[in-house]
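Structure incoming, see below.
Chain lettering (A, B, C and D) follows the sequence in which the chains are written, and residue indices restart at 1 in each chain.
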Amino acid sequence: MTGSVESASGAGPPSSRLIALSDAVFAISITLLVLELRPPTDTAHLARGLAELWPSLVAYAVSFLLIGEIWADHHLMYSQIVVHDRVLLFLNTLFLMSVAFLPFTTSVLATAFRDSQGERAAVIFYGLSFGVGSLLFNAIWWYVRRGRRRIRSDLTARQVRSSTVRFLLAPTLNAVGVLVGAMVPPLGLVFFVALVPLLWLPIRAVDPTSGRATR
Amino acid sequence: MTGSVESASGAGPPSSRLIALSDAVFAISITLLVLELRPPTDTAHLARGLAELWPSLVAYAVSFLLIGEIWADHHLMYSQIVVHDRVLLFLNTLFLMSVAFLPFTTSVLATAFRDSQGERAAVIFYGLSFGVGSLLFNAIWWYVRRGRRRIRSDLTARQVRSSTVRFLLAPTLNAVGVLVGAMVPPLGLVFFVALVPLLWLPIRAVDPTSGRATR
Amino acid sequence: MTGSVESASGAGPPSSRLIALSDAVFAISITLLVLELRPPTDTAHLARGLAELWPSLVAYAVSFLLIGEIWADHHLMYSQIVVHDRVLLFLNTLFLMSVAFLPFTTSVLATAFRDSQGERAAVIFYGLSFGVGSLLFNAIWWYVRRGRRRIRSDLTARQVRSSTVRFLLAPTLNAVGVLVGAMVPPLGLVFFVALVPLLWLPIRAVDPTSGRATR
Amino acid sequence: MTGSVESASGAGPPSSRLIALSDAVFAISITLLVLELRPPTDTAHLARGLAELWPSLVAYAVSFLLIGEIWADHHLMYSQIVVHDRVLLFLNTLFLMSVAFLPFTTSVLATAFRDSQGERAAVIFYGLSFGVGSLLFNAIWWYVRRGRRRIRSDLTARQVRSSTVRFLLAPTLNAVGVLVGAMVPPLGLVFFVALVPLLWLPIRAVDPTSGRATR
């Protein structure tokens, strides 16, 4: 419970309360996704009703995995940040605002595909929302790595570059997905989903305990 | 707040942020169950209206106790894991996705029993949802215990086997419950509920502090 | 992150994950209370519409303060427990089930008072729900203090008795409130609310750090 | 997990459970804001429907940033408190009650601006709700700094005064916003939003690790 939001002394990592708040917002957003799912009202044909919910189920799974992936990257990024200040706090708040927004975006996407109309607008809206979030994520990274003043001093230039490249994948895939989705909506979704396998990409990551590069 | 999601050094348990995220998803899912309950609209006969909500109340209690039991087993399993990697992270994310899904499944179950139709489909859907979750749970365990590379080195073969057997009870009971429920829906529920007393089964568990086997 | 749910060695307090889960359920329940509040639909007379929501606002405040008080007592009780086992885990799960139920109970209460009918049934239902919760709370306490095997060894008999008396106040006031509320509904509420000032009662509490009795 | 709610010994900061509960209420309130947003039902004109949601989107962003700012100040304040007692606990509970109330207030605000009527009442209601919260926040500060008995002993008089002035900005801006909003509703909102840039005001804050004043 130590560490002030104003601390600029570089004596330690961002405060545990900042991490706790971020994790809670992630957890709540990811769990609120389920509220978009409503039981079919026609219980006489319940099995069919459940099957017709497939757009909502797909949207649930896609958003869950995407938010999970963003969380993992947030974890990875913050394990490298050692100096925290109010600019970083504000950027993180903006970023969390985009994360907490995703249950709504997911709901819009599911509604459009269930009605079989408005898919184009929904996919673009979904991609832009995720895109803003991933840009804010990158803004945090560019801010902390500037002059290497706020990240761990034992990180090699190559390790920093590796994170930079990794974090840029999200907005890039999002932008492509929006462009493609503007033409063929379901195809746009494929690009968003493509972010998830990133979880297994062999990356040159950083072990915060030993400082060694690990797979 | 130490421990990277990429850490493969075996220097410690899974990161506290992973545990915090998991616990939060459990807590939110278990608490969102109550949102399925809606006050009767006919307040002139409120007592009767409340009594007619019994399917929702039963569904609430069953799901609450089941999620509570899953949480306890998640706790037990993770107290034995010492090496964490991205495969484990992904499996845990998939597992959490199934946990966060349960308020919806519970809602479907309650709706069917309240309408007195669609119970068969609802019980099967409920059992399959829980079943997928318990299979993912077992997938995590089989992954970490493989070659004993990711679990505590002081665990005896017998202790590991004891956990393996224990964790297999959930998908087994679920499968039986789905089969029985396909014939006699309410009877299927009995098998799901039977998981709860597992909380008291005398088990050969593992004290993470001393490494001794405890009751 | 140490401490197994199976630990029976008495080496330490209940696991931090158990506390974290409990706190999260408290926090979510207390925050979900607000979902019962819906903006008036007639925005042409918004001020009047907001004023007419008073039963919901009162129910929100009462339940928030009561859950806050229960949380404080849960905190106080757990700061005295040093040995944890699966019976305790199960009792705590049942107790959390009653806490997570309160947003629904609160909603029923507000609905009845807003409709000006069904208040009797609503107050009894509210009181019984809180009553079950406070009995489960006491069950935990009676279980852990039995033979003094699961509480801190430095507690004097008088300190234990002081907690016992304090914790019994809740079910007592609840029972009186239900009886009175069965005759004069709003008067029953007064007894439930009376629990809140307990927060300031001079109590012979226990400082978990020094073991000294403090005011 | 140490620290009793009754502790008055001054041996340490407020209990970690109190901080955890507060953070969770902040996180849940800030994330529940999204539930006010509902996908447009007319998916045939989805883009237009989304655009017409702008009052909800603005209300979402404003409340998110304001709650984020309140959280940061709560963090800053609690990093200076070392003695905790039941009065403080109660004040904090009241304060959290006002925080958890904000998703409703935000919903009222968005509804009024979407209907283009009732804006005056909505802005006043919004301002008063935030105002009560910020007064409770200040009540906590005035209580703990009284006689300097509950704050860190290394704080200089100037540092304490600096926090006092900073914390008074919120209720002041709120009061002005309510008065202005009673005449020109949207202009009132501007004063509420003006709180957000406070995040960057150069303040004489306190580093909890070193006790040095930092920027």
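Assume a contact is a pair of C-beta atoms (placed from the backbone, for glycine too) under 8 Å apart; a residue touches a chain by one contact, two chains touch by 3 or more.
The model shown is predicted, which means the values in this text are computed figures rather than measured ones.
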Is it true that over half of the residue numbers where chain A touches chain D are used by both copies, so same, or is it different? different
As a quick test, compute the distance in whole Å between the mean CA positions of chain B and chain D. 36
Can you compute the centre-to-centre distance for chain A and chain B, using the mean CA position of each chain? Integer Å is fine. 25
Among all residues of chain B, which ones touch two or more of the remaining chains? 20, 24, 28, 32, 35
Can you list every touching chain pair? A-B, A-D, B-C, C-D
Contact footprint of chain B on chain C as seen in their complex: 1-9, 11-12, 15, 17-18, 20-21, 24-25, 28-29, 32, 35, 86-87, 89-90, 93, 96-97, 100-101, 103-104, 107-108, 111-112, 115, 117-118, 121-122, 125
Show me the residue ranges of chain D that touch chain A in the complex, using the header's touch definition. 13, 16, 19-20, 23-24, 26-28, 30-35, 37-41, 43-47, 50, 60-61, 64-65, 68, 71-72, 75-76, 79, 199-200, 203, 205-210, 212, 214-215
